[in-house]
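For reference, the structures are reproduced in the following blocks.
The following pair of complexes shares a single chain, chain A, combined with chain B in the former and chain C in the latter.
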Partner chain A sequence: MAVSRRVQLSLVSIFLLVIFGEGIAQALIELGRGERPQALDLFTRTPNAANLRAYETEMEKTAWSAKALRPVMQYARYAGYGDLGEKALIGRDGWLFYRPGVTFLLEPWPQTAATPMPQEDPLEAIVAFRDALAERGIALLVVPAPGKPSVYPERLSGRVARTRTDVHGPTRTFMERLGEAGVSYVDLFTLYREARIADPDAQLYLARDTHWSPAGLRMAASAVADRIRAEGWVAEGAVVYEEKVVTIQRQGDVLRMVDTPRIAAEFELERVDCQQIIETATGEPYHDDPASPVLVLGDSFLRIYERDEPGSAGFIAHLAREMKQSMASIVSDGGASTLVRQELQRKPELLRGKKLVIWEFVERDLRFGMEGWKLVSLPNTETVAAS
Partner chain B sequence: MVFTSHIFIFYFLPLTLLVYYLLPVPRNFFLLVMSYIFYGWWNPWFASLMLFASYVNYVCGHVIATSPVGSARRKRALVASVVISLTTLGFFKYFMFFENNLNAMLGVLGAGALPVIQITLPIGISFFIFQSLSYPIDVYRGDSPPVRNFFDFACFVALFPQLIAGPIVRYNTIAEQLVQRDHTMEKFASGAALFMLGFAKKILLANQMGGPADAVFAAESPAMLDAWFGVVAYAFQIYFDFSAYSDMAIGLGRMFGFEFPRNFNAPYLSDSITDFWRRWHISLSTFLRDYLYIPLGGNRHGERRTYINLTIVMLLGGLWHGANWTFVIWGAFHGLLLAFERWRGKESVYSRLPRPLRVGITFVLVLFSWVLFRAVDIHAATAYFKAMFGLASASGGSVLLDSILYTRGNLIVMALCAALAICGTQAHDWVARLTMPRVVLLLGLFVLALMTMFVQAFNPFLYFQF
Partner chain C sequence: MFISARAAHGTCVFLLLLAVLAGCGGSARTDGADPKVTSLGSIEVTAKLVDIIGEFPPNDLYDYAYVLKYEVMQTHRGEAPKTIYVGQYNPLKPRAEAADARSGEIGGNVTAFHAGEVHRIALEVPIDDYCMVGIINKYAEQTQEPIYWAVWTNRVVQ
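Presenting the complex of A and B:
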């Protein structure tokens, strides 16, 4: 009986120590920093569902135990289970994938009649935008960027490596809908597939990043430029650009999202040879010109190498080199579905003198785009003229 | 609030325990207040609905208790409590289902659809409505004495350890405990042990199995192997999720001096569907037996009526889980199998096979029912069955499923789940014989689960939706 009592006491005391210890330690840490214990914030807000959720989330995020133990546990799960958490998936040969990009390909989209679309229809927003631009004499060219799993499915799944199945049905269906609605678009999926057939080892995307490689973006810029020339929307300019090779080393945004330095340390930095675009006349790296007849809207696919290091080596710079003129641009990470148009609405001067808008968005944003696909009106003509 | 959340484990629970044990009296009132905070944390407005259900059934129970046996007043009070409780449940849980089906029928007839009123489903409504309804029925039958005051009754309905997802505690089970219950170190220790074990089961097993199950059930066209893997993962997810909740609920109950009935007894070791329902969600099956099957006549009116009663009970049991035709078919599937086994003298058609085969076949039958239970609609369930039987091949992005399913983590945890399900050791029995090595193991699992909780996304219990 004595042993049993000792066992019970040990269990109860350690259990109580664990559940009481966290809150007491957190309060002591905060008091030690001269702050009011965050737990008391509960009494400073109206107790409604939203405030209670926010309070709970903040408590969890700022807890000392979570901060200290999350990286340890994340690494343990990686080492034991090969699990990179909610945002990333481990592929083959050291390739990493962004999980929502894979989810987009796995799940039915658009929804069936039985389970209707839970958000705004992207096609509706695109057609409305196209029509609004057309009223101002501006053409629209849509560029859905393939997600990495669409281009390199065999780096994720051994089964695809054997069957060579086409995995990007949802986007292909969407592009067909774009075509039926008379929206001009560039099909990078076919372009990349053909490039990979010609050279199976062609590295069009980075291994540990969600984005395209310099080779991939150059191919995209070239295809877009070809389309612009073919349609005659904008004539080529006369600015001469040249390329300068700059080598950078990238950890990759997938590892950044995992946010565990010890895991990141297990992967080598990826060496990337970028082609920075230099204006021959000035010797300066490429820069945007808001007065350009071409406005490029898009997400982080436009940001990479352009606004990140080495700078002036991204899609926009390469398109400028192809078209021999500067571009205007609005870039928003993850915000190509709605945020870029909302920013355009706030910057009416960017529409002045435009002949063409190029709208890039990554395919997964058809479903997961930040803020969905809201209808956004263009700034009125008077505002543009006045500005 | 969710048991497996930072706020519950590190703030709500310690604070509640501390004040509860410091208070000489009235502890039930304090538990009532904390239970309403626990429930209202999700949405404070939902608490008013629980208060309404508690008050109606308390008043009806009081009228029944103070009226002469056999009087019309007594019957009227019982009918009122049943009608009001079931109407409340029906409105919040089934009104949208009714509207959607009405619109579907109007569509077939070529008429325009009516606007659908969106109703938010308060979590745990099925549980607290059933529990509060059990009181006037028990008092009417003379199975329980009337409660001494409203606060005790409201405390019974709202008692946070088992409020959201059971076990469904009937009033007559807990009536005496509301007045007098023991608080001992032994009881507290076994409660803490059960709570920790349940916590570990939920975080380390159920949540891990939820990933592959969700992925396959959401996929457009899974391959045959993936479909089987997905439904087995779901079978483990729902078992370790729901039984974890029950363990935690019973454990918490013990910490506050209560003794709740156990809800599971190694269900995947069942060798027939009849056996399965003796081992799965025991508190629901006994509730349905005592409050529905027996009042319908049970087995007292001949064989044919017995089969019909069994099927009706399981159909309604299915519908209790959710307002969707998939749940109705799930209930019918079980009801028909139960009726069939009853016809054979409570034996399955494969009862002469060796036990491992009987258990295996029963498990596969249960897997089929889980497809109905988990699929979002009948169309999805049909597509899933086609995939399981190889009648549809993987296409498009679904071929990528292997990268999500057959990871080291999923395979290890699935093997662990299978081993635990097969060995059949139940949490109750395991914590009943606590030894120092077991305590060390328990505490280790608890700490590991707490650390894992920090890297998991919000993952509420599956039965919250019911």
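Presenting the complex of A and C:
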């Protein structure tokens, strides 16, 4: 079949437009803003696979067309199929879940001697940290924080709701390994399960957030304090704290991850009654003391309510109230696996006079923790003392 | 393969347009100075981004700072060694869009980070006094040097 020259040119033009149009339009926009066109990277860098992939990735994130169309497509997927994208899952009764938290529970994750782990073994890093602390006379207490799907599986799936299936996730296996290695830990999974058996409607986690509720963190702080008292690692202090109820409203970090305001607008803000910890003698909200005998390491489960609004109402403050003394802390969102220990390495003064380190991390970070589970040596506190 | 004169002409125009774009971007020499970079922070340097180890993780759930290695070419204010390790907050975002409640005032005109580029940076040190998020430091096992916090990062074209 003969095709006219005009048709041929039109098809070629359309092809070139599809291939290069986006890049050229983006470059013109960037020039208009007085910026260096990103397309220059094609000419200034070696055109190997890695550089071309990097350019493509940056284009996906910064292109005007992607920014304009992504929210529309995201909303269309949500409205048409109830799909919140690659980061979030819609559960039942308006509950939202962080997809990697569910993936952690459902996908195989070998962690026995017979089936070596595909990455650094968290147990190896934890045991090395425990041993290094023990050499300095410091105890270690590990606190794996349950992910929301472990505590509320029936909010994720109607099948679980019907069968009342208990979740036996990889963290239980990991805690057994901790026990076999002689590492002290607090089992919040059993604690929360028993709390939900006693009161099935107990709100231990937020509906549209990955984190625990004020009730959930208070329960955790109380259990950790009980363990500290039982082991006699640290004596109670004499500081008197009291609670003040402060109500906040949270959109929830799962909706933040979806990053589509039109979808977020369809969910009401979650009203949360927090118990802020106030030092009775001063009337001031709780604050850390780096000289405390207790150092708390952890992730965003420690940050929520404590450094976020309303402040001084998180796990650390409530543990301080239980133990009647201030705590020292290092908090790193998503970084409890390795980053907190690297930060401790940069802050050797935080180890001085310590009797106990409490190490909290959310269970999914056993597999997905930022920077994995690297071996990190302890800082030299003698140098600090001398200086 | 037969290519008509018109097609060849179109191809030439297209390549010329790309070259013009490249020329526009490449010829805009700048030392990166502006009122922000010359006043914020306690240290100000012009430095070459030596390398970026690994890939920046997505920050849709977590905010973080990523440590980059720079070779200092010129120190404008304060003191800095020849090699510095600088934490950039959420480096996947253009500097002009990166600031939020946790970062405090940061910014600049760098849109993306590439090894080999030169930046004029206003800095603070140590990073832990200014940065309230996780710090991803791929150099942690190589050096114990203090990490700087990038307050303002502008592009330099020489």
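Keep this in mind: the second predicted complex is superposed on the first by the 349 of 387 C-alpha atoms of A that agree within 3 Å, B and C clash if a C-alpha of one lies under 4 Å from a C-alpha of the other, contacts with A are read in each partner's own complex, and residues count from 1 in each chain.
Everything that follows uses one rule, which is that a residue touches a chain if its C-beta (ideal position, glycine included) is under 8 Å from a C-beta of that chain, and two chains touch if they have at least 3 such contacts.
Since we're looking at a predicted model, the values are computed, not measured.
S.K.: Could you tell me if A:Val12 is touching chain B, chain C, both of them or neither one (first, second, both, neither)?
M.R.: In the superposed model, A:Val12 contacts both chain B and chain C.
S.K.: A:Asp83 contacts which: chain B (first), chain C (second), both, neither?
M.R.: After superposing on A, A:Asp83 lies in contact with chain B but is clear of chain C.
S.K.: So, A:Asn48: does it touch chain B (first), chain C (second), both, or neither?
M.R.: Only chain B is touched by A:Asn48; chain C is not.
S.K.: Thinking of the overlay built on chain A, is A:Glu371 touched by chain B (first), by chain C (second), by both, or by neither?
M.R.: second
S.K.: Which partner does A:Val245 contact after superposing on A: first (chain B), second (chain C), both, neither?
M.R.: Touch status of A:Val245: no partner.
S.K.: Does the superposition put A:Gln74 against chain B (first), chain C (second), both, or neither?
M.R.: In the superposition, A:Gln74 contacts chain B only.
S.K.: So in the superposed three-chain picture, is A:Ala181 touching just chain B, just chain C, both, or none of them (first/second/both/neither)?
M.R.: neither
S.K.: Quick one: is A:Ala134 in contact with chain B, with chain C, with both, or with neither? Answer first, second, both or neither.
M.R.: The answer is neither, since A:Ala134 touches no partner chain.
S.K.: With both structures fitted on chain A, tell me whether chain B or chain C touches more of chain A's residues.
M.R.: Answer, by number of touched residues of chain A: B.
S.K.: Of the partners chain B and chain C, which touch A:Asp259 in the superposed model: first, second, both, neither?
M.R.: Once the two structures are laid over each other on A, A:Asp259 reaches chain C alone.
S.K.: Once the two structures are fitted together, what part of chain A is touched by chain B and by chain C alike?
M.R.: 5, 9, 12, 16, 20, 39
S.K.: Could you list, by residue number, the parts of chain B that touch chain A in their complex?
M.R.: Those residues of chain B that touch chain A are 5-7, 9-11, 13-14, 17-18, 40-44, 185-186, 188-189, 192-193, 196, 215, 218-220, 223, 376-377, 379-380, 394-404, 407-410, 412, 434-436, 439, 442-443, 446-447, 450-452, 454-457.
S.K.: Tell me, which parts of chain A touch chain C in their complex?
M.R.: Listed in rising order, the residues of chain A that touch chain C are 5, 9, 12-13, 16, 20, 24, 27-28, 30-31, 35-41, 43-45, 58, 61-62, 87, 98, 210, 253, 256-257, 259, 300, 307, 332-335, 339, 342-343, 345-347, 370-371, 374, 376.
S.K.: Hey, which residues of chain C end up touching chain A in the complex?
M.R.: Those residues of chain C that touch chain A are 4, 6-7, 10, 14, 17-18, 21-22, 24-26, 28, 57, 60-64, 92, 94, 109, 111-112, 114, 126, 128, 132-137, 140-141, 144, 147, 155, 157.
S.K.: Please name which positions on chain A make contact with chain B in the complex.
M.R.: 3-12, 14-16, 18-20, 22-23, 26, 39, 47-49, 52, 56, 59-60, 63, 65-66, 69-70, 72-74, 76-77, 80-83, 85-86, 89-91, 97, 102-108, 112, 114-115, 149, 153, 156-160, 163, 165-170
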